[in-house]
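Remarks on the structure that follows.
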Amino acid sequence: MSDKKLTAVLLLTCDDQKGLVSTISNFISEHNGNILDLNEHVDRDEKLFTIRVSWDMKDFAFTREELRSKFRPIAESIGANWLINFKEQKRRVAIFVSKYDHVLLEILWRHKMGEYPIEIPLIISNHEHLRELADHYGIPFHIFPVTPETKAEQEKRELELLEEHDIDTVVLARYMQILSPDFVSKFPYRIINIHHSFLPAFIGGNPYKQAYERGVKLIGATSHYVTADLDEGPIIAQDVTKISHKDSLKDLVRKGRDLERLVTARALQVHFERRVLVVGKKTIIFE
Amino acid sequence: MSDKKLTAVLLLTCDDQKGLVSTISNFISEHNGNILDLNEHVDRDEKLFTIRVSWDMKDFAFTREELRSKFRPIAESIGANWLINFKEQKRRVAIFVSKYDHVLLEILWRHKMGEYPIEIPLIISNHEHLRELADHYGIPFHIFPVTPETKAEQEKRELELLEEHDIDTVVLARYMQILSPDFVSKFPYRIINIHHSFLPAFIGGNPYKQAYERGVKLIGATSHYVTADLDEGPIIAQDVTKISHKDSLKDLVRKGRDLERLVTARALQVHFERRVLVVGKKTIIFE
Amino acid sequence: MSDKKLTAVLLLTCDDQKGLVSTISNFISEHNGNILDLNEHVDRDEKLFTIRVSWDMKDFAFTREELRSKFRPIAESIGANWLINFKEQKRRVAIFVSKYDHVLLEILWRHKMGEYPIEIPLIISNHEHLRELADHYGIPFHIFPVTPETKAEQEKRELELLEEHDIDTVVLARYMQILSPDFVSKFPYRIINIHHSFLPAFIGGNPYKQAYERGVKLIGATSHYVTADLDEGPIIAQDVTKISHKDSLKDLVRKGRDLERLVTARALQVHFERRVLVVGKKTIIFE
Amino acid sequence: MSDKKLTAVLLLTCDDQKGLVSTISNFISEHNGNILDLNEHVDRDEKLFTIRVSWDMKDFAFTREELRSKFRPIAESIGANWLINFKEQKRRVAIFVSKYDHVLLEILWRHKMGEYPIEIPLIISNHEHLRELADHYGIPFHIFPVTPETKAEQEKRELELLEEHDIDTVVLARYMQILSPDFVSKFPYRIINIHHSFLPAFIGGNPYKQAYERGVKLIGATSHYVTADLDEGPIIAQDVTKISHKDSLKDLVRKGRDLERLVTARALQVHFERRVLVVGKKTIIFE
């Protein structure tokens, strides 16, 4: 795609100081970019400046390669954490699954509808179950059975495959294995998991059973980035749904499935549209 | 009020067995009651029968006094836990407060609107702050300052006052003191607290700060019966609201206030309308 | 399936009169049925009695054929509208589609998950578009192209096909044709449509455009029974979602799709589980 | 208050053109303002540029009087509709009421909690009912009984009173009179009404009865600016709540009251915080 047809997206955070919006918007307009959407906020308690700005590159002075190098000195002068990407440049996504199909189907259907600016070159699983679904959507399906003995070796092979396909983001769509810290470190804030609970309540295994026994009136689901601390990564999206005493454990699982699909869909949308900035242990979502 | 104008409400739970609905509905119709609302459910996993039934006593054969003694042998024959009350017989409620006015105002306003079948003979506080609000609604306001040294003595005096006014239910409307197990045992499942968090997440002090630091995308509030286990009593109502990175800690407190009012209002409504049955550590809410 | 393994479901409405619950529950328990769930309510303004009761037929005295004939005299004596069905007896469902796949996929996936007690012997469409999806789920797909000239003839052939397959319920899953009053009359309260608006707002064509131009802050979707009055049939389920000025018309369509899937799923669940009773122009949903 | 302690808020819309964010942010930073929050969006279909930006005036070069005159030439050069206000400069609000207290109480309580940057110099009513509530919160209460004959004269006197008190915004808190077009024209987009329905459904009188009769599953409330077209003004906030067949008309009224309080609270918050821009018949809400 010609660089002229791109929309650039800058995500940036730094200590607050005067003139930051001017500095950034001048860089864009002086090089003939047209700002389409800008969302800036200063957290006065933390003195933290955060911004997401997107602009049309139709008449922009730089190519996408030049853009990053031209912006770097500015970012360095203000001590910023920053990322520049392009809305139309599709992120390359690998989906990891086990046996449950609902999250995978949700992603593949939305992808087919054109809701996400992504490509899905492959699906990785530790079981055969979802091969037919992958085939229906025309996505190559790779099996890596995992046992405690083979885990390290299999992860190594998976990583090679991800590298070979230039994968940007890994989505764990009810993948029932825990990735090693080494694997996780290769994709900082680019592995997304769905946890079937309103975190931090009911951390760990069988949250629906925990919820049922505690008699809560709402169950939830949480999508978060995977970090070395299990279930403690920055939260991207959460939602809840009502339950009553007429709901059996089986009903909770059914309602939970609907939540997991919905929360995954929202989390992926903001991640893929470059609306998420991680600051410390939290995310900032630019709606 | 004449017994003829009453609506009886039976709440009952026992092991499931055949013919229970017949037994109960025949008791009512044979004595000329007209069933207005009946909600029955069998939990097939737990083999537990639960029912709430209300009927018009216009032509009923028994007075309210007779009703309980006539029903007792039936309840005993099926091994039931049960309660019979009357919708129009107002529950006598004491509200405990400290300095925050929002939950108290919500209750007093709804009471004035006639939303609750209750009387509020008194408000108890450990501070002077809310006296003017109590006065505006014409409710006697009693101060019992509490220190670690005086707590046992003050609770004793409070209990005397509650007994003197024939209090049925105690509502802790952001009362910032923990009641002793002895006090709690006097009002089994008749003390209602509001916790400013989605339990069981963020148990304990300063839940908004915990939520802020964990970066959750929803904050919640929970209304529950007070038992000897702090924050572990059966949950009556819960709700959540969305938050974003633009919300400061102060915004969370404001949004939390709104949730606390809403969740308290719902919990009190079902409690006052005799729609709550406690089974083990959980509530069953008959909507 | 043996009648002994069935769960009977009675839906009934009539003018309120004393002893109705007794009459019905005695009929069940005297013939050795065990009531599993009963939800009864009297609308005191309308003096209308409504009930849904389900019971286990394991030890029941009658077969499913006998049950209806034995209950008929009772129903007639109280002047009731009533239906008896069996939870495990699968409803036979035909789905009508045009080009949009989202509602169809939602139904087929939930069906495959076992969420609905139904069989889907066929899908009818006026276009080829969704044949591959039908094939993937193994459902026969029939094309009936419709033009103003051929409509009457095609509906006749469709009705023959529906009769041949003993179809109980027709779901219009974004079927872009209006059925004739004659067709509709063959399936009273057994044709379900999804309208992409919060009825009665934005009746008629292009509701998202209407919503966009009016600047509403919420868009909705409504599932209803089809009657001769277009968009005026009894409402089964509704929901809404928030929108903002950043949402383009295309975003409204995307958010609307999600709503349509969700609202259809809820409406079908209560319809298939025999939780819906139509009274006048309204539905009563027994949750 | 010293101008140095103010936070300026600019709302602006114009045809999209390159460099607008730079132009605006440079104006601010060149005069030593620190931008705290900026939200900009271009509607590419309508080619419409919209922005809300707030900045700290601690070191700003201009006083509040100078600011507007200095910015005017810039605004004129880009053909903008614009407003500059100051977050800490309290809007002066008059509340119009009749007999219902719930919306008034909600506003007064939130005002007392410090949630709104406003002053309330007076309440106007056509009845005596809510005098005591006004007194409790210490707000002067003025009675203007209205009959068809006296309406024109009374409105004239009301306008004089509003002018005398330098009123900025009028809130109709269930005021049961229709204001004349002449009155409305004096406060363009500064009169806020709450309509007890999800507009545009159930326009006009008795919407709960209409909703009850249509059998909808949700009822709503809408807060909007008052224009000469009744119930057609730009919508500020909307919400809905679930209802069921067990809800009587009286229950709908109760649930509606809760909605009206909630929706009013949200609409006033965004209006008072200068987060609302009216474009054509719609509002843009900068969250």
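As written, the chain order gives the labels A, B, C and D, with residue 1 at the start of each chain.
Here, contacts are C-beta pairs under 8 Å (C-beta built on N, C-alpha and C of every residue); 3 or more make two chains touch, one makes a residue touch a chain.
Fair warning: this is a prediction, and the values are worked out from it, not measured in the lab.
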item: Those chains which touch chain C and also touch chain B; value: A, D
item: Chain whose Cα centroid lies at the greatest distance from that of chain B; value: A
item: Inter-centroid spacing, chain D versus chain A (mean Cα positions, whole Å); value: 37
item: Chain C and chain D: spacing of chain centres that average the CA atoms, whole Å; value: 42
item: Shared-contact residues (touching 2 or more other chains) in chain C; value: 37, 41, 44, 244, 246, 287
item: Residues of chain D touching chain C in the complex; value: 41, 43-45, 50, 198-202, 213-218, 220, 234-240, 244-246, 248-249, 281-285, 287
item: Residues of chain A that touch chain D when the two form their complex; value: 16, 18-22, 25-26, 28-30, 32-42, 44, 287
item: Complex contact set, residues of chain C against chain A; value: 37, 102, 105, 109, 113, 115, 136, 244, 246, 254, 257-258, 262, 265, 287
